[in-house]
Amino acid sequence: MSATFVGMPGFPEFPSFPEAAHEAVRDKTLRGNLRHATHTIRAKRAKAVAEVSDWAALREAGRQIKDHTLRHLDRYLVQVEEAVTAAGGTVHWAVDADEANRIVADLVKRTGEREVVKVKSMATQEIGLNEALEAEGIHAYETDLAELIVQLGKDRPSHILVPAIHRNRGEIRDIFRSEMSAWGRPAPEGLSDTPAELAEAARLHLREKFLRAKVGISGANFVVAETGTLVVVESEGNGRMCLTLPETLISVVGIEKIVPTWRDLEVFLQTLPRSSTAERMNPYTSMWTGTTGQDGPSTFHLVLLDNGRTDTLADQVGRQALRCIRCSACLNVCPVYERAGGHAYGSVYPGPIGAILSPQLRGTGSEIDASLPYASSLCGACYEVCPVAIDIPEVLVHLRERVAQGGQATRGGNKVVLKPAKGHAAERTAMRAARLALSHPGLLRGGQRLASRTRRFHPRSLPGPGKAWSGTRDLPALPAEPFRDWWQRTHAERGGQGGKDGAK
Amino acid sequence: MSSRDRILGRVRRALADVPPDDTPYEQAVSRDYLRQHGDRGAEETVDLLAENLVDYRAVVHRSDTAGLPALIAHLLGERGSKTVLVPPGLDESWLADTEVTRVTDRPDSTPHELDRVDSVVTGCAVAIAETGTIVLDGSPDQGRRRITLIPDHHVCVIRIPDQVVSSVPQALDRLVPARPLTLISGPSATSDIELDRVEGVHGPRTLEVVLVSGE
Amino acid sequence: MRVALFLTCVNDTLYPDTGRAVVKLLTRLGVDVDFPMAQTCCGQAHYNTGYRHEAEPLARRFAEVFRGYEAIVTPSGSCGAMVRDLYPRMGERAHAEGRGDTLARTLAPVVPKTYELTEFLVDVLGVTDVGAYYPHTVTYHPTCHGLRVLGLGDRPRRLLQAVKGLELVELPGAEECCGFGGTFAVKNPDVSAAMGTDKVRNAESTGAEVLCAADNSCLMHIGGTMTRLRTGMRPVHLAEILASTEEEPAA
């Protein structure tokens, strides 16, 4: 396992995005599930956002708060450490996934416990914590409903907010019926596929685990530097269970989750729920600062995680990805995500944000990571809905440049010069040739004329690599003459700049 | 070198290109957003709170101080509750009219014990009208976080209008960050099945909010 | 006013009818329009595929060819967005790479003078009724860069609504990308085709004869999908509809 692992443990090799998508677009059930879910939430998000007249100002404030924090991240990290320690917590620092997993496993082992309950957390997914704990003989139980569906189904998450978005109610019922008994309380007899009954089955199944849990593991949506307060935003109450009932709480948090002041939460507690579940406010938000007497865990550990974040921070264009608050609005609105599904992105971070985050956290070395920057039509819908204004298309194009042309990057804290990725040589030559031709109108015109004269022989579809276009689309018919010839015939006598081919 | 030093060193090197910036934080962020949305009187704010609570499937009741004990007794009776959890600092008069067995939360009460209690009655720290949110801060009339989590039926009493604010920013102004805080907007819910909201998962599946006026 | 037509390399080569339509339309509206023959390509395909450095000479060339005009009009939302949104960023990046501000200064003059056709008509000329006649049922697809980068808003719709004889019908899912995306169409052909098919099915469901957009690149993808799926619909560039009159109807 590489030092920076943002993948699905147990699924180490991912095909490129186009290869994975090739299968996904043909899966009618998957397409139907994704279409239904994303279209439902799209309309609701738009309505929830339209309710607040100052959305643009909230978005801008959120962007500025995050940019400011990243700009002074060293200072705020130290402040978090001081505040959490003063409030009775213990702070740990993890450079990469391996170190974070080691820290957590050691902390759990010290309690003498063999099982932990988990609040849904992207950071612990990213580092493959469950698998690392399992290797140490510790069972980690996911308690978020969608995570439970994924865990029981031995599946991979496909969405940031709703990891089982690719499953419909019938599939979920089947998983519950066949798998719950192996993990604990079996599914109720005659379980139907109504969402209410499925939620009830999860409630019963997980309750015994919550009530006996001694160790809880979470991430956090925000960490407030000035107070040392952690914030977890959730819906089901599983978060509250994991954060308050166990004796020991371990929170694994990416270093970019910091906000400077308490007041900053007033921005994100307005923008996150509306962007995420399209609610005015999510059902439960928990905030805790260290430990509090008899209320909640008596031992609290905060693990601050780098795992590629500082490398991302070093990139002038790409660092804006660290503003992300994991709302998943960009996934829900993305036409590519809707059709390819989350698994095609080969990472716990799918969709547009995943396409710019994974290749930065992991580097562009693997086939999947080198293909992710191209997994977008650059339509810009993601940027439009992003509550912290991450210009995802801009970063995608920037990462395409890194893949196609190589250049300076930071890996593992060191500056490196990347070579262009394999498989782009022909494209590079073509781009250069095109640029040369387009730098000389005479050459462009020559090509146009040749094409027009031979147009009767041009087919509407192409063999070989050209099939990528004409497998599904006809080529346009070539005109009898390019525009510039018509213009010269009809307007050239007027002189002016237009008359000549241009000397350049 | 410790991991702490490595990470801090990497952060500093990563930011080497950024020009120095000593703007005080208060001036670094333009907060052009609103302190509250819309202009409402106290009564309208309470009405909005009630409307938004109902929208997220909380059950809302209104009462004056004198009628509160009878209302709470009615709610517990209607529910068929045999036991009710009582935070240490709850106004005793609130439960004056009910015969339901009171269970006091002790520091060593186990989650399993709390799981056998039918209902819980608490006050609150503040309520947010725009979002239909009640906030608990662990004060004596609200108790430890677990007592409003494990029982399936939560009755929360809000004093109107003084405990009600319009907006999230106004609510955060009133709260003390160091306290353990829980923001609650309706009963527990999930959007995990086909991204459609369903009420009733791990937290209390029934949330009843009593808006109490007068002293 | 010295107005230059920046037709774009795709239109010049493949869609000369669109170019002739723009000339006809602007001339009818009293604009003296020129087509600088030295123009080639704005560099968008290079830039968006990750070849920014190859795009730079093309951008410099664009700036030199067009700098003498008071307005530069283009019938392409994405090429307009390239100049207006991405040229300034190219300048900034060059500066950040320690190459000074030469590129930024070279490109700056053409940026604010570049207009997408509907912007030029509505904002500069101040017209929405261009005196067109087009007796067909039309549905309008707002292309992504025009919609989200340039913020064309309701300009195209207002222009279409003023066309005599034209019945405008709403396209379901109008603001969703058609799946072209330049090299995306060939690098991710399956997803691109799936998006294109959905767009065409939505267009078909309106019962319109014509799907209109203000960008021929997207129309090439949508039109190619239409003929492959054997729908009876036609893709037509907005300029060709606006150029059409009772005396000289569009073909």
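We call the chains A, B and C, going by the order they appear; numbering starts again at 1 in every chain.
Going forward, a residue touches a chain if its C-beta (ideal position, glycine included) is under 8 Å from a C-beta of that chain, and two chains touch if they have at least 3 such contacts.
Computed from a prediction, not measured in an experiment: that's the story for all the values here.
Student: What chains, if any, are shared contacts of subunit A and subunit C?
Tutor: Chains that touch both subunit A and subunit C, as defined above, do not exist here.
Student: Can you name the chain whose C-alpha mean lies closest to the mean of all the C-alpha atoms?
Tutor: Smallest offset from the overall C-alpha mean is found for A.
Student: So how far apart, in whole Å, are subunit A and subunit B when each is placed at the average of its C-alpha atoms?
Tutor: Centre separation, subunit A to subunit B: 30 Å.
Student: At what distance in angstrom does the C-alpha mean of subunit C lie from that of subunit B?
Tutor: 52
Student: Touching two or more other chains, which residues of subunit C qualify?
Tutor: Correct list: 96.
Student: Note the residues in subunit B that touch 2 or more other chains, in rising order.
Tutor: 17
Student: Can you tell me which residues of subunit A touch two or more of the remaining chains?
Tutor: In subunit A, the residues touching two or more other chains are 316.
Student: Residue numbers of subunit A touching subunit C in their complex, please.
Tutor: 17-18, 21-22, 25-26, 31, 316-317, 335-336, 339-340, 373-381, 383-384, 394, 397, 399-405, 427-428, 431-432, 434-435, 438-441, 444, 448, 451, 460, 467-476, 478-479, 481-484, 486-488, 491, 496-504
Student: Along subunit B, where are the residues that touch subunit A in the complex?
Tutor: 2-4, 6-15, 17-18, 21, 25, 28-34, 37, 52, 56, 107, 110-112, 115, 128, 130-133, 138, 144-146, 149-150, 168-169, 172, 177-198, 200-204
Student: Across the complex, what residues on subunit A touch subunit B?
Tutor: So the residues of subunit A in touch with subunit B come to 33, 36-38, 40-41, 51-54, 57-58, 60-61, 64-65, 68, 71-74, 77-78, 81, 87, 93-95, 99, 143-146, 149, 161-162, 164-165, 168-169, 172, 195-196, 198-200, 202-203, 206-207, 210-212, 224, 227, 229, 235-238, 240-241, 244-245, 255, 260-267, 269-270, 277, 279-289, 292, 294-296, 304, 306, 310-311, 313-314, 316, 319, 332, 410, 413.
Student: Touching residues of subunit C toward subunit A in the complex: what are they?
Tutor: 7, 9, 11-17, 19-20, 23, 34-41, 43, 45-55, 57-58, 61, 64-65, 68, 89, 93, 96, 144-145, 148-149, 175-177, 179-197, 220-221, 223-225, 227-228
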